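In the two complexes that follow, chain A is the common piece, with chain B as its partner first and chain C second.
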Partner chain A sequence: MKSEIGKLYIELNEEFNFYAPIKVKGNLEFKKILNPDDIVLDYYNSKVPPKEILFPKTDILFEYKTDGKNVTEIIERTDLDEKNIIFGIRPCDAHSFVILETFFAFGDVEDEIFLKKRANSLIIGIGCNTPRSTCFCTSIEGHPFMKDDMDIFLVDLGEKYLVEGISEKGKELMSRLKWLSDADRKDIKKARELYEQAEHSIETKLDLKDINKILDPHFEHPIWAEISDICIGCGTCSFLCPTCTCFDVIDEMDQYHNKGRRFRIWDTCQFCLYTLHTSGHNPRDSCIERCRNRILHKFCYYPENYNMLGCVGCGRCIQLCPVNNDLRVIIEKLNSIKTKKEEKVSA
Partner chain B sequence: MVISVSIESENRDIENSMKETARALLKEKKVDVIIGYSKGTVPLSSAPILIRNVDEVERLVWNNLCYINLAKYLVPRIPQLIDPEKGDLNVGIITKGCVGRALIHLRTENQINLENVIMIGIPCNGIINRKKIEKEIGENEILELFTSGNEIIVKGKDFEKKFSFEDYVNELCKVCKIKAPPKIKELQGSYVGECQEVSSIDDNFEDLTEFESKPTVEKWNYIKDTLQTCTRCYACREACPMCYCKLCFVDQNKPIWFQKTTEISDIISFHLVRAMHLAGRCVACGACSSVCPVGIDLNLINRKLEKIVKERFDFTSGIDASKMPPMMEYSMDDAEEFMLEED
Partner chain C sequence: MHNPYIPKLTSIKDVVSENKVNDIKTLELEFQNDDDYKKFDYIPGQFAEISLIGKGECPIGIASSPTEEGTIKFTIKKMGTVTTGFHACEIGDIVGVRGPFGNGWPIEDMKGKDIVVIGGGFAFSTLRSLVVYLLDEKIRKDYKKITIIYGNRDSGEVLYQDVLEEWKKRDDIEVVLTIDREEKGWKGKVGFVAPIVKEVGPSSDNAVVVVCGPPIMIKTTIQVLEDLNFNDHQILNSLEMRMKCGIGKCGRCNIGNKYVCIDGPVFSLAELKNLPNEY
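Then we have the complex of A and B:
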């Protein structure tokens, strides 16, 4: 039963940090729950993606003490071994965790902070019964009911949830919850219906097949000036993107108290400092190069480096761009380069 | 006889005359490009657009969601408005009151050459407070929003709600006297359309009375509470026509002036320092609050500064190009009372 969410919280709260959707200043956010009555169960999705649980906007890497001259002690983080439950995220955001993990584990140096937190997190996701008009997960091989990236998958049947264990971790946790009752045939049938309904309600269909092959040879195409003309250069699209990973590392020294800390904050390729060289030269000097980088990173470099798209189709950047520079329109414009070319060949 | 005109029909009239003017300007080659608004692809939005051909003029719209201040694209000029050979293009710009104020104030600050800019003045009838409507609708998806008569109609999958325009227009628009860009004598030629100051609106900053009556602790709590969800995406700054610094104070990193974390102290220092930089410069367009992805309302803070500047220096930004803004002028007899006051 949905009303048993409080029971779930009480049972798991001591062992896990329990993250779930709540309302903060009118916005839905995934936050650590202190009171189970705060949990919101009817929602589309959050504005700020749940990536902030594993990759917070401001993340202290370590703190240190000095004797006024030299560092005398480094205080490492102790919270990384804590176990987390992330409740209520949508399939698109669960998939974003896979993309983030690929990025943070890539290369010789692994990002321990992210990966430890990720390994200690158990995801209880909920299928998307009513995708928004801006959702396009089915265009990137996702689905509003995709359960592969979760540990436990729930289907919202109205009064109750249909619960399915996906990973070993998830199944093990489920076996501990003795009060769960067996699903009957009617429930499973209803879940199936909701699955189909959700799939059909996604209207946005984007052609992203082979888009990297169009993008790669058109780095200098004049279309980028057109795509970026109204962009004002804020960080909304990338800060609200569940797959954007860029960060800036900053040292802060408090010389009056002989201590300091190193932390990272979100950064984005849309900002003027992002690729600014110490010489003063910036290879991405205007919005044209910056917008291009964002698109290429997601739809060209990700497929080439990791064999996956760097987008999950959640539609946040479409919903909240201040100047309505719609990603769907951008993709259409880029695809039109291909069709124009084909016309030329056939003519 | 009083003829009551609805918002809906006003919008239609504005849009038609705006298109007519735009067509004429492009045909007569008085401008190379027109910056205006087009219909947004999601409800509650509009998209700025650059129009270069007469046939594209049809895409221009005027509705009460045209919240972006288009002056932003001229200071600094975006590369799309500069021809590599000819230099600065002749630009026509759809100018509601606050866009006009921005352009005039930017000229006072020597940031813009208005010689190759033609303002297509329109009598703005107010911008809808989209964040307020979003909050009312809550966790439902809005699929359509339009004005019908004097009402805002919001439609979703299984709901339809009506809001009165009067109540859901931006607070700033309610007290705005400068619906259309103010005229300046020497630039008479660059105006098209009706431009006037609405003298019937008496702005005595009554909207601030309640806030001002609160004790200091409560004021501080309001500021903390309002700003706490900030993600530091800087949409407010980037949408602001007055934030044209090449390197914002918060981006100074040689050495670092301000920290950029999302801890409340850093969030507050960014927003309050930015607000101070806008004292006597803010043109009350409300774009910062309209674009904030997490719905932070900065208007109250900016209004308070507008009031202080008005009271102490009798200055309103962007109205009289010949009057020196107080923050740009040094005066020996400046009383500097603020230094002695606590609040």
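Then we have the complex of A and C:
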């Protein structure tokens, strides 16, 4: 039963940090739950993606003490060993965790701050009964009911949830919840109906197959100026993207107490300062280059480097862009480069 | 846990002012922990993220050679908060070091070849590392003729005077210094780097040329090198880019799908021609 969420919280709260969606100043956000009554279960999706749990806006790298001038002690983080439950996330956001994990593990040096938190997090996700008009997860091999990237998968049947253990970790946790009752055939049939309904409600169909092959040879193309024409460079698309990972590193010093910390803070390739050299030279000094970098990073560099798209089709960048620079339209335009080229060849 | 953002601590062993206007200094650092020094296994051309607690961190090319045992050196121009902080440092102060990062000069592939080192201004730091390395008595025999062409605006800007004097005395290396304008008492060449390279005319036969300097110098020099029949694989370049993490995570140093911090900073001209023109 849905009312049993409180029971779940009470059972797991001791052992885990329990994250779930709550309303904060009118916005839905994933936060550590202090009172299970705050949990909101009836929602489309959060404005700020749950990536924030694993990769917070500001994330401490380490803390330190000084003698007034020089460092005397470096203090490592100890909270990364804590276990987390991330409850209520959508399949698109669960898939973003797979992308983030691939990114942070790539190369010779792994980002253990992210990876450790990720490894200690158990994901209880919910199928998306009512995708928004801006959603396009089915165009990137996702699905509103995709459960592969979760540990436990729930389907909202109205009065109750259908609960399915996916990973070993998830199954083990489920076996501890003795009060769960067996699903009957009616429940499974209803879940199947919701699955199909959700799939059919996504009207956006984008052709993203081999998009990197179209983009790669067209780094210099007039289309980038066209695409960036209305962009005001606010960075909303990247700050609220569940797969964006860029960050800045800042030192903060408390000279009165002789202590401080170094932390990372979300940054975006949409800001001109992001790439500005000390010499004054800037390799991406106009909006055209910055817009191009965002698109190419997700749809060209990600497939080339990690063999996956850097997008989950959540539609946040479309829904929240203040000037309606619609990613779906951008992709259609980019696809048209190929079509035009083919037309030319056949003519 | 291995937190890749925590620096290893070093103490400043020496500070050398490198130019007349005193805005470039070389810091010599000694690791506080021997084990950290042993793990800091680097080759010429790599860089490190060096930091001052409370001020911040910045990527700087390693100016010392791995053959100079015991300490590491960084040459720093006073530009912003962190580098100004470094300039205020005294012997004994503590500096954080993370690294070494990047690919470095391809010293293995360069074996058995003539090496031409072309530098301009304060970009000479990782070239100092390379030349000191090549001139080490155990290593010198692996490489053929070494030619250095090093240009500066004026004589007051010439870095590493001490090692340059030593190099000039040796007969197994040709050192050509040049400054932009005529000066009283200057014994080297006068003129921009590109025409001086043309005048020296190094042979491209079984040679590798390493170029480091301001963009305009690189551009004009490459033109001359192409006239001297150097091909794109023989011309190596070290790129600069704004960086924060040094390990390919913070995102900002990408050129296309490559990150300068992990795939570079050294690229051959052939590699650069395959990358988008965004650096």
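Just so it is clear, the second predicted complex is superposed on the first by the 347 of 347 C-alpha atoms of A that agree within 3 Å, B and C clash if a C-alpha of one lies under 4 Å from a C-alpha of the other, contacts with A are read in each partner's own complex, and residues count from 1 in each chain.
As a convention for this text, a residue touches a chain if its C-beta (ideal position, glycine included) is under 8 Å from a C-beta of that chain, and two chains touch if they have at least 3 such contacts.
Computed from a predicted model, the values in this text were never measured in an experiment.
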Quiz item: After superposition on the shared chain, which partner residues are touched by A:T204: those of chain B (first), chain C (second), both, or neither?
Solution: neither
Quiz item: So, A:S121: does it touch chain B (first), chain C (second), both, or neither?
Solution: neither
Exercise. Could you say whether A:F219 touches chain B, chain C, both of them, or neither, answering first, second, both or neither?
Key: second
Quiz item: So, A:N324: does it touch chain B (first), chain C (second), both, or neither?
Solution: first
Practice problem: Check whether A:I250 is in contact with chain B, with chain C, with both or with neither, and answer first, second, both or neither. | Solution: both
Quiz item: Common interface residues of chain A with chain B and chain C?
Solution: 248, 250
Quiz prompt | Of all residues in chain A, those that touch chain B in their complex | solution = 24-29, 40, 42-44, 47-48, 57-58, 130, 132-134, 225-226, 229-230, 232-236, 239-240, 248, 250, 252, 263, 265-266, 268, 271-273, 286-288, 318-320, 322-326, 328-329
Quiz item: Tell me, which parts of chain C touch chain A in their complex?
Solution: 1-6, 9, 51, 53-57, 79-80, 93-94, 96, 215, 240-242, 244-245, 247-252, 254-257, 262, 276-279
Quiz item: Can you list the residues on chain B that touch chain A in the complex?
Solution: 40-42, 45-50, 68, 72-73, 78-80, 135, 139, 141, 143, 157, 225, 228-229, 231-235, 237-239, 247, 251, 253, 256, 259-263, 290-291, 293-295
Practice problem: Using the touch rule from the top, collect the residues of chain A that touch chain C in their complex. | Solution: 61-62, 64, 66, 69-71, 74, 76-77, 80, 103-104, 106-113, 116, 219-220, 245-251, 253, 255, 260, 262, 264, 267, 269, 274-279, 281, 283-284, 289, 293, 296-297, 300-301, 304-305
